[in-house]
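In the two complexes that follow, chain A is the common piece, with chain B as its partner first and chain C second.
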Partner chain A sequence: MKDKLLSFLKSQLKSIILIIVALICSFAAAAVVLLFAGYNPVEAFESILAGAIGSRTAIAQSFGKATPLMILGISVAVAFKGSSFNIGAEGQFYAGALGAVLCEMALHNSGLPSAAIITLCLLSAFLLGAVWGMIPGYLKASRGASEVVTTVMLTSVILLLVGFLVSQGGPIAEPRGIYPETQEIVESARLPYIWKGTRLHLGFAIALAVVAASYFFLEKTTGGYKIKATGLNPNAAAYGGISVGMVTISTMMLSGAIAGLAGGVEVLGTSWKLYVNLSPGYGYNAIAVALLGRLSPIGIVFSALLFGMLNTGCNQMARYIGIPNTIAAVIQALVLLFVVGFSILENKTFSLKLKKKGGTVCE
Partner chain B sequence: MYALEIKGFTKTFGTLVANDNISLTLDKGEVLAILGENGAGKTTLMRGIYGMEVPDSGEMVLSGERVSIRFPKDAIRHGIGMVHQHFMLINNFTVAENLVLGMTEYTGQLLDRKTINQKINAFFEQYHFDVPADAKVKDLPVGLQQRVEIMKVLFRGAQILVLDEPTAVLTPQETQELFHIIRRLQSEGKSIIFISHKLDEVKAISQRILVLRLGRVSGVVNTSEADENRMARMMIGRELHTEEKPHQSADLIRRRVLKVEHLIIKNEKTIAVKGIDFTIFSNEILGVAGVDGNGQKELAEGIAGLCRVESGSILLNGRQIAGKSVKEIRRSKVAHIPEDRRATGLVLGFSISDNCILSQHDCPPFAKGILIDKKTVRRFARQCIEDYRIMAASEAETAACLSGGNQQKLIVARELAGDPELLVAMKPTRGLDVGAVEYIHSCLLEQRSKGAAVLLISSELEELMQLSDRIMVMHNGEITGIVYPEQVTAEEIGLMMAGQKRPEPVLVPKQGVIA
Partner chain C sequence: MNNLLTWATLLPLLQATIRMAAPYTFAAIGGIYSDKAGVSSIELEGLLLIGAFAGFVTVYFTQNLLLGVLAAALAGMLLSAIYAYMVVFLGSKAALIGTAVMLLAGGITSFYYRSIFGVSVEYPSIVPFRNVPVPLLSKIPFIGDIFFRQNLLVYLGYILVVVTWFFFSKTALGLQCRAMGENPFAADTLGLPVRKYRFINVLVTGLIAGISGAYLSLAASGSFVENMSSEKGYAAFAIIILGKYSPVGAFLGCLLFGFADAFQLNLQALGFNVPYQFMLMLPYLFTLIVMFVSGSGNQPEGHGKFFRKGAQIL
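Moving on, here comes the complex of A and B:
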C-alpha cells in the first residue's frame, strides 16, 4: 500500500514537472512569435500571469472560464469511457442553454423563490441536453450510425435552431426586437456569486459537484461499471449480460445531459441570456480538456483550470499591451500544443522507467 | 564449437525474474526444443536471443565468436531469424513484397516487381515451396502464412531459426507439414530452436529438450531418453496425473437439465445449426466434437443467449430460455466459458476484482441498490485467486497482466462461483499448458460430480474422450452421431466429423436412472 502511494506520488510529480517543462518550452516558442510581432515577451508574459492569477478578480475570472470547460470535459469523458466519441458537446451545450432559457421564460413572472427557479431551469437544461445526446446514442445503438458524424450534425441543427429562435423578432427574442438574443433572465434565476467582491458564481461549485458526482458514479455504481465494461470490451460486456445497446444510449444521454447542464449554468451564471455566439467553442475545447485530464474527473479539474487561466491571461495580455487577439490565440494554442505533446511523452518515459526500476510490464 | 551458446542469461522485470541465469547450447543442424509452461520464461529468452529484450546479464557466443545483440537487426545480421507466434506479415502485401520488406540493399530504392517476383520464385524453388510470389498474404491459409514467415527468415540468410510456438495456430495436418520443413532445414545444416508447451510435438521433432520452469533451466535431456512423465515433472514441478472421470453409480438419479429441440440458428452467412435435438442430464458431461466452424460456436452462443435463435426450443429444467436475454439466462444458473478469453471472456483493462463480477455486477451481494460493494467484491476476488490458485500479485492487478492460464482460471472461477446447473464450456483449455489443462479438467469433473450438466465443446479429441459421458459429433450444423466414448475409436469419431452419419445415437448416459 505504502509502495503504491509512493509510486503514485512519484508519477504525479513527474506529470507536474513535465507540465512545467511544457510551459517553459511553450513560452519560449511564444517569445519567438512575440519578438517577430514586435512585442516585448517579458512584458507579455507578466501580463498573462497577472491576468490569470494576479488578483482576486483575475482568479475569479479564470475559475469562471474554467467552469463550463470542466462540466463539458466531464461530459466528453463519460462518453469516452463508454467508447462513444461525443464531439457534439457543443450542440448539447446549446440545447441545455435553450432548455434553461425556455424554463426561465415560463417562470419569468411566477415569483417563485430563487432556489426553485434555478433548480427547475438547470433541470430543464439537463433534460434537453439529455435528449440531444440520446438521439445519436439511439442511432448508434440501433442503426450503427457513427456518433462522430451524428453529434456533429446535430450540433449544426441546434445552432441553426437557436439562431432562428433568437433572431431579431424571432419566437423567443427579446421583445424590443433590436438584438438577436433573448430577454435577460430575472434576477431570481441568476446564479448567486460565491466569492465576495468577484463575479465567481455558484456555477463553479456546481462544476466541482459534477466532478465529484461523476467520479462517484463511474467508480462506485453498477451504472458506471456497465459504461466502463462496455467501453473497454463490448463483447465481454454482452457476454456478461450487459445490454450494450442500452448502455450506449444511456451513456450518450448522460453525456448530453451533463453538457446541457453546462449550457444552463452558462446562461444562469454568466450571460443571463441566450444568443448564437454564447459558446466560443467550449464544446470542442472540452475534448482537449478531457483528453489532457486523462479522462479522470480529478485530472479534468486541473486541465479545465489550466485552460481557464490561459484563456483569461491571454485575453488580459491582449487588452493591456495591445497585442492583437489573434496573437493571443496563437500563444494559447502553442501552450496547448506543448502540454498535450509532453503528456504523450510522459506515457512513454513512464513505461520505460517501469521496466528499469520495478513493477510488472503488461502488454 | 556450437552454433549458438548462451551463458548466464538473466532478465528481470521489476521484481519478476523472467529468466534466471539461463545457459544453453545449440549444435549446428540440431533441433533444440524449449519446453515450459506459460510464464516459464520461454518467450523472454527468445526475445533476448533475437534482440527484442536486452538481458540484464549474460553473454552470447555465435560459432565461437562473442556477439552483442541489442536490436533485432543485429540478430538478423548474425544469421538469427525468428518466426513469431503472431505473424509479422503485412496482409495486403504480396508474398514477395513481404520477403523483401526493408531490404533496400537487395531491391534498390525502386521496386521492380517483375524481377523481384522472379527472384523470389527461384528462391522458393530451392525449398520446394510452391506459393506464387505475387499472391497476397491475406489470401493464404494460416499454415502457408507461417511458411512465408519461415521463408522470410531464410531469405534474410538465417542459420539459426527460432520458432515461437509455431504449432499453436496449425491443424494437425499443417503441423506435420511444418515438421517436414523443419527436418529439411535441419538436413541443410540450419539450427532450430523450437518452442512449445506440447510434450508430444517436442518428442516428435527435437533432438534435445531444454525444460524451463519459473525462469530457470530445470533440465536438459536427449529426446530419445525423455519420457513424458519425467518431462512433465520438470515442467510443472510435480507428477502429472490425468484426471479420470469418477465412476457414477447405477442408481444415480438424473434430471433432464437441458433439452434442445429442433434448434435452428443462423449466422451472418448461413444456417449454422440445422434443427438439432439433444438432451444433457444432471451429473453429465456431453462432449461436442467437430471440425471448427460446423455450428459448435453458434450452438454454445445460442444457449448462452449471445446468438439469436431462429426457431426451436431450448429448455432449461423445463423452462424455455430460447430468445431470453443473456442476463435472464445467466440468472437461471447457466454459466458460460467462452471460446476466446481475451476477446470475450475478460475485460482486459479491468482489475481482477472487476472481472470477477462481470456477470454478477448488479446482483447481491456485489450490488447494493445502485452501488457496488467494493469490499465484498475484493473479498470475493481474493477468494477466487486463492481457490483457483491464480498467480497474481493482488486482486487490483489488471487482467491483462495475467498469463493465459491464469486468465482462464479467472474466468472459470467466476463462472463456477454461482454453482451453475448448466455449464457451457467452449474450448476451455485452448492454448493452455499441461498444468493448467489438468486443473481446468478437474474443475469440469467437479461440476459433474456436483450435479451440473456440462456441454463441453472442444477440438481436442483426447480431452473429449477423457472427460465426456457421451460425445456428440457435429458436421455442417447437424448431429452426425452421439456415442459413448468407451465404445468408439478416434478414427470413428473422425469419420463422423467428416460427415458420415452414425445411426442410433445414444440418448441417455450409461449409468443412472432418469427421473
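Moving on, here comes the complex of A and C:
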C-alpha cells in the first residue's frame, strides 16, 4: 500500500515537472516572439501578472474566464479519452449558448422561479451542444470521416447561423434592431454572484461540479470505462463486446453536451445575451487546457485557472501598455506543442529501456 | 431564372471557379506530398495562414510580388518543419500537432499583424497579381477564356498538378515515397530512409501550402485579414480524400470547391435573396457532405503510422 502510494506520487511528480518545464519553455519562446516585435518581455509578463492577480477584481475576472475554460477542458478531455479529437468545442459552445438563449426567450415572461428557469436553460444548452457533437461522432463512426475536419466545419456553420439569427432585425435579435445581439435575458435567468463585490458568478461552482462529475463518470461508471477502453484500444474493446461505433457517437455527444453547457453558463452568468464574438476562442484554448492538465480532471482545474489568468492578464496588458493580447494565443499554442513534445520524450525513455533489454517495441 | 444559362453569366462564373479553385489546388497538391508518404496533412490550415501573412508583409514592404510568394513558401516550410519533426521523429498524434500548428499560426499572425499595422478600421493593402492572358492558349474559344486568362499563380497551380502527377507515377523517387506511405516497414527493409523521406515530403507540403496562403493575400485580395484561411486548409484535407489521394483527382475536387465558392459569390449577383450567412455556409456544408460521402477514402495503407526503426506492428 505504501509502495503503491509512493510510486503514485513519483509518477505524479514526473508529470508535474514535465508541466513546469513545458510552461517555462513556452514563456521563453513567447519572450522571443515579443522581442522580435520590439517589446520588452519582462515588462509584458509583469503587466500580465498584475492584470491577472493584481487586485480582487482581477482575480475574480481570472476565475470568471477560467469558468468556461474548465468546462470546455473537460469536454475536450472526455472526447480525448475516447480517442476522438474534438477541436469543435468552440462550435458546440455556441450551440449551447444558442440553446440557452432560445429557452430563455420561451420562458421570458413565464414568471417561473429562478432555479427552474436556470435549470431549464442549462438543460437546453446541454442538449443542443449534444446534437452539435453527435454529428461529427456519427460521421466518424459510420463513415470514418476525420472528426478534426468535420468539427471545424460545423463550428463555421454554427457561427454563421448565430450570425444570421442575431443580425440586426434577425429572427432572435433584440427588438429595437440596433445591435446584432439578442435581448438581455430576464433577471431571474441570470446566475447569482457568489463572491461579494465582484462579478464572479455561480458558473464557477457549476464548473467545479462538472469536473467532479466527470471524474466520477470516467472512473466509477461502466459508461466511462467503455469510453476509456475504446480510446486505449478499439480492437480490444470491440473484442470485449463494446460497440465501438456507438461509444464513439456517445462520446462525442457527451463532449458536445459539456461544451454546450459551457456556452449556456457563459450566457446566463457573464454576457446575458448572445452575439457573434461571445467566445474569444475558448473552444480552442480548451485543447491546451485539457492537455496541460494531462486530461485529468484535477489537472484541468489548475490549467484552466492558469489560462484564465493568462487571458485576463493579456487583455489588461493590451489595455495598459498596448502589446496585442493575441500573445495569449501564441503562448497557448506553444504550451500545447511543448507539453505534447515532452510527454513523447517521457515515453521515449521508457521504450529505450525496453530496447536495451533486447526486446522489440510494440507500436 | 432564364438568364442563368447564358454565356454572359456563365463565363464569369466559370472564370471565378478557376480563380477560387487555385488556393485549394496549392493546398491539396501540397498535402498530397505528405499523404502519399504516409503523414497526415491535417496541418494545412496553419501553413496557409502563415503563408498568407508572410507573403503579405513581404510585399507590403518590398512591393515585389514574387519575393512575397517566396517568403510565403519559406514560412510554410518553416512551420511544417515543426510539424514534421514532432510527427515523423517524435511520433506525436498528427491531429494534435496539426491543431497546435494551426493555433500557433493564428496567434503569431494576428500578434505580428497588430504589432506592425496596429488595430485600425482600414486595411493596409498591396497591388495584387493581375491577370495575364497566355499567348495562343488564351485564343482557344471557351477554354482559353476560362483557363488561360488568369493570374500567374493559377498557371503555376496547373504546372504543379502535372509535375506532382508525374513525380508520383513516373519517377523512382516518387514511387519510393509512395512505398513508405503504403508500408514503411517494407520500405525500410529495402534500405530507404523512411523518416528522412517523410520529413522532406512534409517540408514540400509546407512549401506549396505556403504558396496557397500567398494566393489568398497576394492574388485573391491584396490584403491580410486575421484567420483569412477560413478553413480552406481543412477543406483541402477533405479534397485529397475525395480525390482518392491522386493529384488529378484532387485537382478535380478543387474545381468543385472553386465552383461552390464562385457560385456562392455569384448567387447574389444573379438576384437570389438569401442572407449572406447562408451563402458563406455553402463551402463548409459542402465539405461536410464530401466527408460523409467519401469518409476516410482509400488512404495509403501505412497512412498515419508512426515509423521507428526496428519497431514492428504486432
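What we mean here is this: the second predicted complex is superposed on the first by the 274 of 363 C-alpha atoms of A that agree within 3 Å, B and C clash if a C-alpha of one lies under 4 Å from a C-alpha of the other, contacts with A are read in each partner's own complex, and residues count from 1 in each chain.
Keep in mind that, in the parts below, a residue touches a chain if its C-beta (ideal position, glycine included) is under 8 Å from a C-beta of that chain, and two chains touch if they have at least 3 such contacts.
Please read all numbers here as calculations on a predicted model, not as lab measurements.
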**Asked** Is A:V33 in contact with chain B, with chain C, with both, or with neither (first, second, both, neither)?
**Response** second
**Message:** Applying the document's definition of touch, where does A:V149 land relative to chain B and chain C: first, second, both, or neither?
**Reply:** second
**Prompt:** Regarding the shared-chain residue A:N109, is it in contact with chain B (first), chain C (second), both, or neither?
**Reply:** neither
**Asked** Just chain B (first), just chain C (second), both, or neither: which does A:I344 touch?
**Response** second
**Message:** Once chain A of both complexes is superposed, is A:Y225 in touch with chain B (first), chain C (second), both, or neither?
**Reply:** first
**Prompt:** Where does A:I87 make contact in the superposed view: on chain B (first), on chain C (second), on both, or on neither?
**Reply:** second
**Prompt:** Is the number of chain A residues in contact higher for chain B or for chain C?
**Reply:** C
**Request:** Report for A:T326: first if it touches chain B alone, second if chain C alone, otherwise both or neither.
**Result:** second
**Fill in**
Footprint intersection on chain A (chain B / chain C) at 355, 360-363
**Prompt:** Quick one: in the complex, what on chain A touches chain C?
**Reply:** 33, 36-39, 85, 87, 139, 143-146, 148-150, 152-154, 156-157, 160-161, 163-164, 167, 284, 287-288, 291, 323-324, 326-334, 336-337, 340-341, 344-345, 348, 355, 360-363
**Request:** Give every residue of chain C touching chain A within the complex, in rising order.
**Result:** 42, 45, 82, 86, 90-93, 95-101, 103-104, 106-108, 110-112, 114-116, 119, 230-231, 234-235, 237-238, 275, 277-278, 280-281, 284-285, 287-288, 291-292, 294-296, 305-306, 308, 310-314
**Asked** Can you name the residues of chain B that touch chain A in the complex?
**Response** 13-16, 304, 306, 325-327, 329-330, 336, 338, 343-350, 354, 357-359, 361-362, 367, 370-372, 374, 393, 397-398, 400-401
**Request:** Spell out the part of chain A that touches chain B in their complex, as residue ranges.
**Result:** 220-223, 225-226, 228-229, 232-233, 235-243, 354-355, 357-363
